[in-house]
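Look at the two complexes coming up: chain A is in both, with chain B in one and chain C in the other.
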Partner chain A sequence: MQEPLIAFRQVSYRYPRTRHYALKRLEFGIRRGEFVAILGENGAGKSTLCQMLNGVIPHTRGGRMRGRVLVDGLDTRQGEVAQLAQKVGIVLDDPETQLFTTSVLNEVAFGPENLGIEPDEILRRARWALDVVRLGGYEDHPPSALSGGQKQRLAIAAALAMMPDILVLDEATSQLDPVGTVEVLSIVQKLNHNQAMTIIMATDKGEQVARFCDRVLVLHRGELLAEGTPRQVFADQDLLARITIRSPQVSQLAAYLQRHGRPLPEFPITLDEARRGIEQIVGDQPET
Partner chain B sequence: MTEFAVQIEGLRYVYQPQGIAALDGIDLAVQRGEFVGIIGENGAGKTTLLKNMVGLLRPTSGKVWIDGLDASQQAVSNLATHVGFVLQNPDQQLFAQTVEEEIAFGPRNLKLDKQEIRGRVEDAIAATGLEAFRSEFPPALPKGERAKVVIASVLAMRPETVILDEPTTGQDYKGCHQIMQIAYHLHRAGHTVLVVTHDMALIAEYAQRTVVLHEGRVLLDDTTAAVFAQPELLQRTHVTPPQITRLARALPRKLALPPTALTVAELGRSIVESPKQK
Partner chain C sequence: MSPLIQYVPGDSFFHRLDPRAKIVFMLLMTTIVFVIQRIWIAAAVWLSLLALWRVARLPFSILKQMSKALLGITVFLFVVQALFYPGQTSLIYPIIPETVPIIGGVGRITLEGILFAVLIALRLFAMVLILPLVSLTTPVQLLALGLVRLGLPYSLTYAMTTAINLIPVLQDEANVIVDAQRLRAMQVFEKGRFWEKLRAYPPLVTPLVIGAMRRAQLIAVAMDSRAFGASKNRTYIQDIRMRLSDWVFMGATVLYAALVVAAGWLIP
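Up next, the complex of A and B:
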């Protein structure tokens, strides 16, 4: 069997000066080209997991780590963060922590410059990435003059310009407007399909998970509580009774109808599936 | 006393030195006791509008009145007793050693007597459900609780109007609803509440009226149901109605289900009550 691109082998981790483990005995693999969602409540360990993928944990955070994280065969404890950064692009939820240059263009060009890429190619990538996030025309603006959502777009563009093998989005669309969220994820999906870029997305936007992701890992208090396709997870009412995650509204509707004795024939996770199901259970009203 | 909590006329705001007009002629009146959602694309001017209401920015031109007071003539500290502002990132607003001290800071600056400060702190703790955390160090609390501490600090100033800027960013589903429930109870208690968010499901569930901004202007201003009934117009400002509203709209009319359903429960109830397919 093909070795997974990312492998967590009995990984536990606790932050410095804390006694409880943020992650406990995690064991899973992610194959090249998968689009995986990490779901869980605040404090479940989603961000901690993300930061293990580029080696920030344990290299810069310290703390106590057990087990092994392998990224493309490289043990993250042995690899340097700079080495991992060439494979793994990560976008955090708070863009303020990632932006530091004086212009939007410089911000996006910084990563590729450090990879030693030709100037023409850097410019081409930077303009492409800025167009993707609807910041074309803002090249000369200082990042500090952008709105919160625009800063988040810029952080995403900076990661895209690196064209990493693995893109990690840690609540990276939390401040984007609804259309912007879909636009960015559609581009990410294209990179996933066309270039087999592996995507790992910590989020609580159930509708987007249903639309874009192949697989879901559900974390709860540092443990892997469940994994499956979005449909398996969002239809699992026992699981959803134990933890609060935001399933798509159409799935919430299906659960409501189930509880009230009017179940849909099949459990929907998309709008079209729900529409078809409702048409099957609701009779026409007589014309008045 | 004026019937308006907020009145805005011809508000323009231009960021310098870039000369970017973030607001370009806003007219808006919010009556006392309304619960208003403010939505729009990234960069539409939402946060700039809020900052002009609380005096953190001063209009380039146009007027803002808060409780009938000309905001441009008021010190920020005085405006804070009329309008409370909860920022997007709670960590930018926390600095004291304990939750109680954090909440007491504002009232203490109003030079109130000890008993009054005590009472305000207790009321704010009760309104936000922070009883178990009163002696904790605010930055060490989970994000949901940190956001509540900021809301409590704002409430201790006893403002008529409470403004929340993206209060649910970074909150999980439970945290979002806890914060919106606090806003809901404030509204029930007679406060005016303004909420900026990109979470359309929350807007649909809580806001009676919704103002849509686009490129620094008001694109739509109506009941939330009427606003979400115009998806084509909303698209212009990169907003889509909540999934449940889009579903309700996509259902055939012959099923006689409400085409503007705003919540899962609303559509669910109508389906449960509808005749069965033969």
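Up next, the complex of A and C:
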């Protein structure tokens, strides 16, 4: 069996000066090329988990960590953040705190410059990354002049320029409008499909998970409550009742129909699936 | 960004200079402004710096803004120096007779005190012209690169440039907090008395400081995540190169500084 690209081995963690564990005995693996959602409400431990992937926890944040996090075979406690940054690119929720230089080009070049890459290669990477996120031509613009969606796309480009194997989005669309959200997630989906990049997306939005992800890890108060495909997770009404995450509206409708004795042929998680299911039921109805 | 440090795009001679030449200029000019002891030399230096502002085609509106801010300090300086400078030439005789112990002699205004206040004011006005000549004509990234090439550690220069970049963000946050207070009918900053205004500051400063600390922590995470400090041989996509004009400017600055110092010694 293929060795997972990311492996959490009985990982627990608590922040400095707290008694409460933010993560408790997490055990799971993520394979290369997967698009995985970390689903959970506020305070579930999603950001903590994300920051463990590139070693910011425990290297920068401190705190007490038990267990092991392996990224491509490298123990994050042994590897340095800078070393892990070449494998794991991370995009945080607030674009304002991720953009700290004076031009779009400088922002994208910041990571590769830190790695000591030759300027010509940096420029090649920067152009590629900006093209991927459709910000080509904005090189000389100050990041502060960009819209929210553009800023978040720039943050993705800045992570991509490091050529990571894994891209982590920590609530990266939480401050974007619906159009900006779809823009960003479509780009990420393309990276997953075309470049086989492993994507990990922390979110509390069921709709996004249903539309984009292959697999879901449900986190609740620092514990891994469930894992499976989006369909498996959203069809589990008992599980959803225990957490405050709302499943996609079509899944809620399907659950309602199920409770009232009219189940759809396949439990839908997207609008298209729901439409197909309803058409099937309507088609089965005898003509009146 | 604060207009006093925000880069003003342009193509003047000063804009085109290598950041290192400008940093050397800044250090030398600051030093000579500190050592000037004669009013006419201080006035000459001040006028030279004003001329350089013209050469750099910097907006004089910024200068006006700075002068306004300095006016209060200048008035204070005049009052203190005039009253307490130990001069001999009395213009106004003491309010309290010299025979009174401890506080005797207070209130005497001397010519030397006034002249010393003029000198300090000229120094002050000259001093505030120097830094903007560099910061307004050099993108902060190039300024940092210049400092690195002069031998300062990258982490230090980056901390400096990040702090500069953060100033406008903090200004915006302060405005948001003040607006939020106004929305809850707080009018102290517009209509309050001095003491009321003073009491209104802690509720403004506390969230600002907490917000700044949180932001600093998140920026540190974002920087670490992009391999900050990973390689000792950090590269730069922009590079700087000293050209003939930069060397000439640096030479002229050194010569000017030498002349100013010599003039102070030689001419009575």
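Here is the rule we go by: the second predicted complex is superposed on the first by the 247 of 288 C-alpha atoms of A that agree within 3 Å, B and C clash if a C-alpha of one lies under 4 Å from a C-alpha of the other, contacts with A are read in each partner's own complex, and residues count from 1 in each chain.
Everything that follows uses one rule, which is that a residue touches a chain if its C-beta (ideal position, glycine included) is under 8 Å from a C-beta of that chain, and two chains touch if they have at least 3 such contacts.
This is a predicted model, so every value here is computed, not measured.
Asker: For A:Asp94, using the defined touch cut-off, is the partner it touches chain B, chain C, both, or neither? Pick first, second, both or neither.
Answerer: So A:Asp94 meets both chain B and chain C here.
Asker: Which holds for A:Met163: it touches chain B only (first), chain C only (second), both, or neither?
Answerer: A:Met163 contacts neither chain B nor chain C.
Asker: Between chain B (first) and chain C (second), which, if any, makes contact with A:Ala235: first, second, both or neither?
Answerer: After superposition on chain A, A:Ala235 lies in contact with neither partner.
Asker: Of the partners chain B and chain C, which touch A:Glu171 in the superposed model: first, second, both, neither?
Answerer: first
Asker: Once the shared chain is lined up, is A:Leu253 touching chain B (first), chain C (second), both, or neither of them?
Answerer: After superposition on chain A, A:Leu253 lies in contact with chain B alone.
Asker: Classify the contacts of A:Val81 with the two partner chains as first (chain B alone), second (chain C alone), both, or neither.
Answerer: second
Asker: Both chain B and chain C contact which residues of chain A?
Answerer: 94
Asker: In their complex, what parts of chain B are in touch with chain A?
Answerer: The touching residues are 15, 18, 20, 40-43, 47, 88-89, 142-144, 166, 169-175, 198, 200-201, 235, 237-240, 242-244, 246-247, 250-252, 254-257, 264-265, 267-268, 271-272, 274-278.
Asker: Hey, which residues of chain C end up touching chain A in the complex?
Answerer: Its residues touching chain A are 7, 139-141, 162, 165, 168-169, 215, 218-239.
Asker: Once bound in the complex, which stretches of chain A touch chain B?
Answerer: Going through chain A, the ones touching chain B are 40-43, 93-94, 141-142, 145-150, 152-153, 171, 174-182, 204, 207, 244-246, 248-250, 252-253, 256-257, 260-262, 271, 274-275, 278-285.
Asker: Applying the document's contact rule, which stretches of chain A touch chain C when the two form their complex?
Answerer: 51, 54, 56, 59-61, 80-83, 85-86, 88-90, 92, 94, 96-98, 100-103, 105-106, 109-119, 122-123, 126, 144, 158-159, 162
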